[in-house]
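Pasting the structures in now, so scroll down.
In the two assemblies presented below, chain A is common to both, partnered first by chain B and then by chain C.
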Partner chain A sequence: MNLTLVLATLRQRFTSPLRLFIVLLFGWMPMLPLLLAPRTGFAALGDCYFLALALAAGMIGQDLSSGTLQLLLARPVTRAQYVFSRWGAVAAGTFLITVLQTLVAALIMALRGVPVPWGEAALFLANGALLALGTASVMALLSSLAAGIGDLGLLFLVFISAQVLEKVGMFKSWDWLARGAGELSGALKPELDLAPLLHGGPVAWFAVVSYLSTVTLCLGLAVVVMNRRELSYASSGN
Partner chain B sequence: MDGIRIESLTKTYRAGQVRALDGVSLEIAPGEVFGIIGPNGAGKTTLLGCLLGFLRPDSGRVSIAGREPDDLAIRAVTGYLPERLTLDRWMTGLDFLAYHHALARLPATGRAAEAQAALARVGLDPDAGRRSIRRYSRGMLQRLGLAQALLGRPRYLFLDEPASGVDPAGVVLFRRLLDYVRAGGTTVVLSSHQLDQVERVCGRVAFVKQGRIEALETLHAGATLARVLRVRGPAGTIGEAVPRAALEQAAQRAGAELREVSPPLARFAVPDDAGAVRLVQALVAAGVPVAEVAPEEGRLERLFLEDGPPGGPA
Partner chain C sequence: MPPPATDVPDGVPLHRADSPRRDPVPLLAVAALLLVLRVVLGFHEVRPQAATSSGAPAGADLVQWRTLEAGLAEARATKRPILYDFTADWCPPCRSLQRQVFADARAAAELESRFVPVRVLDRQREEGRNARWVDSLQARYRVNSFPTLIVAGVDGRESTRIEGFLGRDATLGRLRGTGVSLRWGVTGQAPTDRR
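And then the complex of A and B:
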């Protein structure tokens, strides 16, 4: 990972007015139910999936379509470093907002006289971090495939396709199709629930392996796609 | 060898349907300023893309100082200015230079000062440096791009249409900057349509057409007498009644150079338009009967006009 790239990505993501608006929307809207019913705890905040999507959209594709990638990769930066840096920055940005959300939520609870469940706060943060890393890896792959913010379109397309296939599988009683489509749908939102740890139980190995393999596969494929990509506009003009 | 070696480079697009480069071989010596010219779609940008490691050739090899072009050690000493320049518009000019300074792995100490110096080098004032790139004009963007390419005084500099969109003052500045990098021993590869610029700054030029090198011309880099005028007198005058010595004296007074006398024609080299006016005045003052003065197209222009030189690929 390249720290200069990570910091530049974070600055870029947080200086875009539109993106900032969306991030604020997804970041602070969940505070409203908490204000009304503080006893619901951190569960009222939901998860950081849409926040991560807002920060991740176009993470690589926008550099591809704008042409800034050429200038960047003329520098001593490998394409793998570039992908990992973008991934790390998006995950870090999402986690940063999740931390702020947690602190503000804790403050609201404290001000409303509700004892802050710190264990639940830690779980919310840990699950948020894992979801941020997972979502960023999926978006890194999709963004390496599509220019601009076409990654969002691809995500939507895969999601709809998986839903349709799942329904077809269920209707036709083709278990393999329904299950495969379900896995595909789940892979678009790689998450790992660490709640069992809070209650002294283990996290299922299948869930851990499934999460790690999704993240690794997405990042690996994103690097392969980027390594194979030709960057000169001469290649598109001819 | 510290220079650039290109061996039998072939590159196609659309599954081999479009042949952008067809067996290109070249050697560029360390410290050389090398020009690539040719019509649109000739393969110039593809050649630069291969030199920078952005494109994978179908066959052949590119090596820079004996290494692959995408070797990080080579990239650490490479500067690049693309033709279709797109900068990170959300940054300020100074931020952008500091960002590329860091990406180039240049020492962090003095980064801000070096970014300021780079900005001044291309004639952008500090105020412009604090402004968002979004508000830059086309010429300012080009200057900023050039400043970024020159950061850390690279050993290899690849410039694709560097003076495009730049005002005349910018063109002069660009030439001075090239002198500056050439003095430092930087190897420069320059692709441009501006033949007069190429003629002035490059030591050698490759004329590329349909993916092949059609000609390799050796020029006099930095030549001050870049334009050639053909002066014709009435029969029996130039080279006969008016001897060569008289023509040489008139040329000397005008700061020009007599290149050739072939009655009734004489060829003179002059630096620019003002030099041409001085020459005609000096000839008339010396009593030379001038019937016609015509500019002679540059050597590179001839390559275009003749649709490539006779004799086929070089």
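And then the complex of A and C:
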């Protein structure tokens, strides 16, 4: 990972007015129900999936379509470093907003006289960090495949296809299809709930392996796709 | 022609590294290994054991569902909340819920210790009508799809509602009151419409 690239990505993401608006919308709207019912706790904040999507959209594709990538890769940066830096920056940005959300939520609870459940806060942050890393990896792969913010379109397309296949599998009682489509659908939102672990429940090895598998596979494939892209000024269609 | 506007960061030096396109072979190897493990564990999760520790066949429901009257009486006596399972025989996600949660010995034991389980089986599609108590409970808890799990006190006040099958861990997490924001849309199986 290249720190300069990480910082540049964060600067790029947090200075886009539209992106900032979306981040504010998804980041601070959940505070309203918490203001009204502070006892709801951190669960009222939901998760950081849409925040991660807002920050991740076009993380590589926009560099491809704007021509920035050709110039950037003329520097001694490997394509793997580039992908990992983008991934790390998006995940870090999402986590940063989640931390701010948690602190503001804790403040609201404290001001309303509700004891702050710090254990729940830690769990919320840990789950948020895992979801941010997972979502950023999926978007890194999709963004390496599509120019601009076509990654969001790809995400939607895969999601709808998986849902349709899942319904077909369920109604035809084709368990293999329903299961496969369900897995594909779940892979679009790689998350790992640490609550059962913290409460002494059994380790859900399938969930752990599924999460790690999705993250590593998406990142590995994103680098492979980027390595095979021709980015010279003479090439077209990048 | 002027160069295109760019936001290439200044901190990146201007000479090229030796192999800028090297594939991340170790990462891909780990990813492949995890993928194989995922498939194996996935099959294991679908077909957990040939026989459970209780001797029941795989997939058999290990929760001892009470009748409504017995459940209400037990809930009053033990002060435990009632877990209503609104289900139907023809509903595929209900079968997944049974296979992955109610047929799991540890999960079944946990549910038995926390709740008084009462199953509300819909027979509308098979028999054209339901028993009156089934219709009454479905109306009271506004059940529009299967499976729906409702945790309610003896006074009937609903405290937890889970529609659709979220997956084993998420379902148990929500029933423990510790699950964090999982919805069926991305992570699990959608509920099936009641009608």
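One rule holds in what follows: the second predicted complex is superposed on the first by the 233 of 238 C-alpha atoms of A that agree within 3 Å, B and C clash if a C-alpha of one lies under 4 Å from a C-alpha of the other, contacts with A are read in each partner's own complex, and residues count from 1 in each chain.
The criterion applied here is as follows: a contact is a pair of C-beta atoms (placed from the backbone, for glycine too) under 8 Å apart; a residue touches a chain by one contact, two chains touch by 3 or more.
Please read all numbers here as calculations on a predicted model, not as lab measurements.
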item	value
Touched partner set for A:Leu145, first chain B, second chain C, both or neither	neither
Partner chain in contact with A:Asp47 - chain B first, chain C second, else both or neither	second
Chain B versus chain C as contact partner of A:Ala106, first or second or both or neither	neither
Partner chain(s) touched by A:Leu188 [first = chain B, second = chain C, both, neither]	second
More chain A residues in contact - chain B or chain C	C
Contacts of A:Val224 with chain B and chain C, given as first, second, both or neither	second
Chain B versus chain C as contact partner of A:Ser16, first or second or both or neither	first
On chain A, positions contacted by chain B and by chain C	2, 4-5, 8, 12, 66-68, 71-78
List of chain A residues in touch with chain B within their complex	2, 4-5, 8, 11-12, 15-16, 66-68, 70-78, 230-235, 237-238
Touching residues on chain C, where the partner in the complex is chain A	3-4, 6-9, 11-17, 19-24, 27-28, 30-31, 34-35, 37-38, 41-42, 44-46, 92-93, 106, 167-170, 172-173, 176, 178-182, 186-190, 192
Residues of chain B defined as touching chain A within the complex	13-14, 18, 20, 41, 43, 45-46, 48-49, 52, 54-56, 72-73, 75-76, 78-80, 82, 84-88, 90, 99-100, 102-105, 145, 148, 158
For the chain A and chain C complex, residues of the former touching the latter	2-5, 7-8, 12, 42-43, 46-47, 49, 66-68, 71-80, 123-124, 127, 159, 163, 166-167, 170-171, 173, 175, 178-179, 182-183, 185-186, 188-189, 191, 193, 195-196, 199, 201-202, 204-207, 209-210, 212-213, 216-217, 219-221, 223-224, 227
